[in-house]
């Protein structure tokens, strides 16, 4: 926490009668800097952030760092199917984590799977945030019947669990990365809408918004320059948690057989495929993707947890 | 009243907040339910003149509508009824630049120094935003202009890259004042602007208000529950109770001898450092809910002089002396 | 007034907060005593340590805060160093407290009777029915109409003023020797505040309880208290009978405080003001903490002045007090046993 | 960890926040909101109107949506059937009629309580669901019970001693419990407890006895043994949730003035935690758990699939796989209806627990 | 392949053995875990494997099918054509239903009257009954007449369970489900049906074929393969069907578990788009349009040669498939003994592609289901890999059968098949080559009811003629020859590209041996204790 009462003094300019106990001008402490120092107070959160950074880098650069392109059917051979970790293929490459049932190098498959899982989670998160944010802001700022109507829809949607919504949608839409993103967005936008609306409602009642109205600033300016930046904190918290949710949800849906197609295996699908091998001793096919998924979700959740603590207005002063 | 045109005139201004019934509630009513729309008459038919350069104190307890009235004046709320007339022109009839100018000429200073500044903006942006957006000052001059504003309210311009949380309550209030001054207003609505400050800081800010008045010729609507502050600052005091003005009088006259029983109770009951240990019987009862105010004179359930008439008839504000109006039936009986 | 031994005697109380940013000496050597039936106003601005003093008296200082020294004697018994169990037995019976925000002091999900009865039965094996009767009586005493019905109500069904009355009733339940009231009327409207002040004054007179009324409002103290202590940056800078202090403040801070009240000034004139702002408790200036804001400060103020008492029950902590005209510095003020280094 | 000092020391009075809303917002992503309104009758009516709307909307979306996908007849016909046979099936199932006509037929019979016949089972879809509902409800209830029994004490401990190593372990565990995908945990549970240790059966429901005509398994030893793993699998996420909710609530409540006031009254720690804290945190916990009951039912889709638990979640997955449209539509209608009921129950519970809601909240 | 196993799994297996040994069920009880659940006890409700499987245990047919689907006397002791259009069935005497009532010709007549008319049936048995007239000659003789000569009469009637005139024929499906009408003559009596959880049967003491070995049979649907295996390892069931190929290795090495395997009547094959000049999922290299090369027999042959069926068997199916060269495995009625699986020959494939004018191959998307056949998606992937290696750049798209079959049959405009190259399977319910020939190979013709599942729209008038002729030839020998000839012709033309026949695996705890059935059914009376 920041120190209480470290306030810069006022100077006595000219005639204004303000003698002051003048502390030295402390460095400008922007909200970001303050946030960073609070955030880094927990080593666990730092570790998780680091882990997440590594995971994201792997996902971003998967095509360049993977030993094999697991989608290139000219490279993948079922001759190499289900090799244990450390085996070498016919042409001499080593499969550090073994291969799966189709002969893919598991390490590469995990890298690409991370890429797909993360991009599904993040993409759906971003789109859902944009949709939810617009709707939530519109509701909060418009008020009246518009708000009632919008929030009713949000409530209704929230009363049905995301997994069910996604399940039904995917049953209708079919498989595919685009489809699952659509399903996740539809299943999750309402969380963001509610979050944004809740904090926008709080912010809207704050006096600085009245002041802005008083200063003749336009609606758009008030909404986007004044209210929105102050709703970002809860949005970030909800966003991280929901992204972790989205990744887990995608894995679950893929496990249930309605998520992604086999040819674009996310981590969930890799685990699901590995599930078949669970009792056959070929543990690596399910375990390694499972570990990757777990590390991803856990680190996102730890980061989200710390964000919640740091950004919680109640615990912050 | 003098023939001089008032700077600001309120004519029969009312502000109601209504919670409408939804479909379900209407349906319940159809089958015999008794759901009613909830209406709060926050401000009920208030007329008021403020002359140029005058300081009008607006006094009342919680729920009396003084803050709502201030916001109607400042243009934050639109009145449900009545007119706000600025320099002879009905504000609601103005459009475009004229409307904007009228809006900018009336600025507001808020109560809570925590929430009245956007925590995500730097001081320079808080103060400089409106002049820049409205083009009041050429963009290149904004930094210098912000410095000037900060100096005017007694803050070191070196702090303008800071964020609000890095300032103390008193300093934040100064920033709020600088923000208002930056659009060159003629009229400041101060809504409990010093209530949240420590005693020693209150004095500093009050002094600043008085300096600004003399330096810039500002007119104030000074809203407060603190009678001492209002007495010190105002030329004229308006007392509100549950949305209505009950008495309006020149400060000295009012503090010399209030007419309305509520005004009397209020003045008596404020603890004052110079009037200690007086034995008195405080006015009884609680402030009624604005959702269901008492009939007739809103004060009648607590009034020691209430009669049957007070329960039924709303007393009108009538002049009891030049520039002194009061809304009490007792005045009729006295003649 | 002070013939009988004081109910509460506080000596050099020190409560510090051990935060990441350093040690905040929220209460740093506070001493005072309180006789039976006496009402003392404890006045100060935010951060002056008055609330922490109040909490310290009930042993309610939470980590990272800790009472690090001094003595609190209640009816001659030393409280500091007692176990939590002892404190528990004391709280509510011998010494009680009322809080600032009436909306927050009562548990919103428990009925008033539950909250009152538990306060009685926590200290004595009283039957439910007897406890209820005592609760009812307490409500009646603080002026709550139809107390029987109100007992079964929840806090949210009361107005702010009524809730504060309930809180006072709860504090009164076990007839404590001392009540610590922490800004109990600050959040209330003027007419309601007047009602509460009226009731409290009556109660003190009737029961003979001593009371510490913590506030920032000198006017309230003026109307209520017998004596007043003014705190600044964790220390008492001036104390004495209320009229004497308000009419002739000695310490420059008290002087400024009284001066900055509008009604003490000519209408429309600039107010006397104390420049600057209260220092951070984490980085107090050496010597007199008020020196940086004080017009009278000089080199001598680099040394912390002792609390010096005068014969008329007054004491202050200043090298350059505002003495009444005609009195030479140090003339009327002698050392008293109460003052400590 | 933020440091707390008394209000006066910080120089700012704390903003009074109702603990409920505070806890609620801090767990915003995890729980659905409940519209709180004053009179019950209006409230119930509003809920019913809303849910009628959702049910119609849901039915329409799913009905039309499902018709875009696949052709159920392809799923059913046996290899030896020729085109004429297939067409006859299409006619028999009414799939040759225009979609709007089919929908109209569905709506009219739905209004009479007939949600259509399952293609696969040839039985009334509603009957099929109702038949499997007790199994799912039982699973969900036991999971809920586990969430409460494990979650509240652990969360309370973590909230009262936020900095102790035990609390940190509890919280780390809850993050893990949060992050582990249900299906993965299910597989692991079977691996460890059924296959490796052989303590508990791996799949199925086990012996049931009828109570008031409803088959339940928790009353028989065999049934109980079958129940433990799937219920725990389903409960794990909720245990984490309850731990976190309870902890957040406890921390929030412990900071409130009324707790300090209770201490100033001389109350013991037991009374304060057991009555003052518990009653306050129970409100959000019960509310959220009630709402989460819906998600338990939804997630039972996963658990039932893994543990071959004969509930309606498994039926849904199978119906989706086999394009048994009437069952899918009927399931959703039932779920929406169930959620309406759950939400109502939660609201009633909430109003019982929180006196501020019971009688029009006039204070604010 | 080296076998690496963690201690955890070793422990798992060890414990599993312990569990299997320590908790043996009563010797006369049998608990079976099956992959898919019957949707009804009504034997006529849905002509569907899991339903027929249950029905086969409670009910008898006039003619039962043996483990290789050979026809065996059931409730009919003999059957023969008495003229070109009439078959005579002599019924078994002295048989009683589970409720003790005697079995007579009336039961047969009412069965065939009810079977095609069950309300809400998603796929009834009418296919096998239409065009046939049943006549009771005496209590134990029934005559069936048709308009045309009808050689597959016995096959048709071997799929329809016979129910009781008294309690069954007037009953609804629901009556069967709750047991009221579930009265057959089969080896087991119906006891209990808990949808989604179990079906319980009890031995029919008076079964004409001898009292079955098991007093009580519990059939539990456990859909997920690993869960099924886990249930067996944990001792929750005594036997499972549909052992996932992946677990076979482990189970083989597990003490206390025995496996039984048998080839299925199901052929897994590729349907090739042969009717469109522009096939939607065939593109020139780089994505441009191209004249459909799949219409060229050489290209189809190249595809067939590019696929290593042995590799798929070894690496995908874990040895559990038999490379296929025609429509049914050896030994089934009407198969050709001349046809062998196409040998793996990538060089030959490339040469053929060059010959066909596409030396650099082309781009292709292969489609397949992912939840229908054993390892279906993986087979598709393996095939795609192999095709890519000979120059046909192949993408893979798999989907659940709920979506797949509609698109595969009628997904394109005008109700035409949507895909270009698809993986499908065909199980011949009647155990005759006529079944796949008629549905998969014959020209698509709605009027005649031919080629109903011909998703490649291969069309060969000669084949059609042979098939039609065979379907009217009552003489078994002649018919078999005609069918074999049609098959040879179709295979030469690569009407379809057969991949393999599935081999099914059952696993049971030691002491129980299952006789595998080619129709993939799991029947309690085929399980014997040792």
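Which chain is which? They are A, B, C, D and E, in the order written, and residues in each are numbered from 1.
Basically, a contact is a pair of C-beta atoms (placed from the backbone, for glycine too) under 8 Å apart; a residue touches a chain by one contact, two chains touch by 3 or more.
Small disclaimer: the values here were computed from a predicted structure and weren't measured.
With steps allowed only between chains in touch, the distance from chain A over to chain D comes to 1. Taken together, chain A and chain E share the touching chains D.
Taking the mean Cα position of each chain as its centre, C sits at the greatest distance from chain E.
Summed over C-beta pairs in contact, the chain pair with the top total is D-E.
Chain B and chain D have Cα centroids separated by 50 Å. Each chain gets a centre from the mean of its Cα atoms; for chain C and chain E, those two points are 90 Å apart. The geometric centre of chain D is 40 Å away from that of chain E, both derived from CA atoms. In this assembly, the C-alpha centroid of chain A lies 46 Å from the C-alpha centroid of chain B. Residues of chain B found to touch two or more other chains are 22, 168, 170, 204, 207, 211. Of all residues in chain D, those that touch two or more other chains are 3, 5, 9-12, 69, 187, 191, 195, 305, 320-321, 362. For chain C, the set of residues that touch two or more other chains comprises 19-20, 24, 46-47, 273, 275, 277-278, 281. On the side of chain B, the complex with chain D involves touching residues 22-25, 27-28, 33, 35, 114, 168-169, 289, 291. Here chain E touches chain D in the complex through residues 8, 11-12, 15-16, 18-19, 22-23, 33, 37, 39-40, 42, 45-48, 118-124, 126-128, 130, 173-174, 177, 194-198, 220-224, 226-227, 230-231, 233-236, 371, 400-407, 409-410, 426-430, 435, 439, 446, 449-450, 452-453, going by the rule given at the top.
For chain B in complex with chain C, the touching residues are 61-62, 168, 170, 198-204, 206-207, 210-211, 225, 227-229, 231-233, 251-252, 265-266, 268-274, 276-278, 280-284, 286-287.
Interface residues of chain A facing chain B in the complex, by the touch rule stated above, are 5-14, 16-18, 25-26, 28-31, 34, 148, 206-208, 210-218, 221, 225-226, 229-230. Residue ranges on chain D touching chain B, taken from their complex, read 11-12, 39, 41-43, 45-46, 49, 362.
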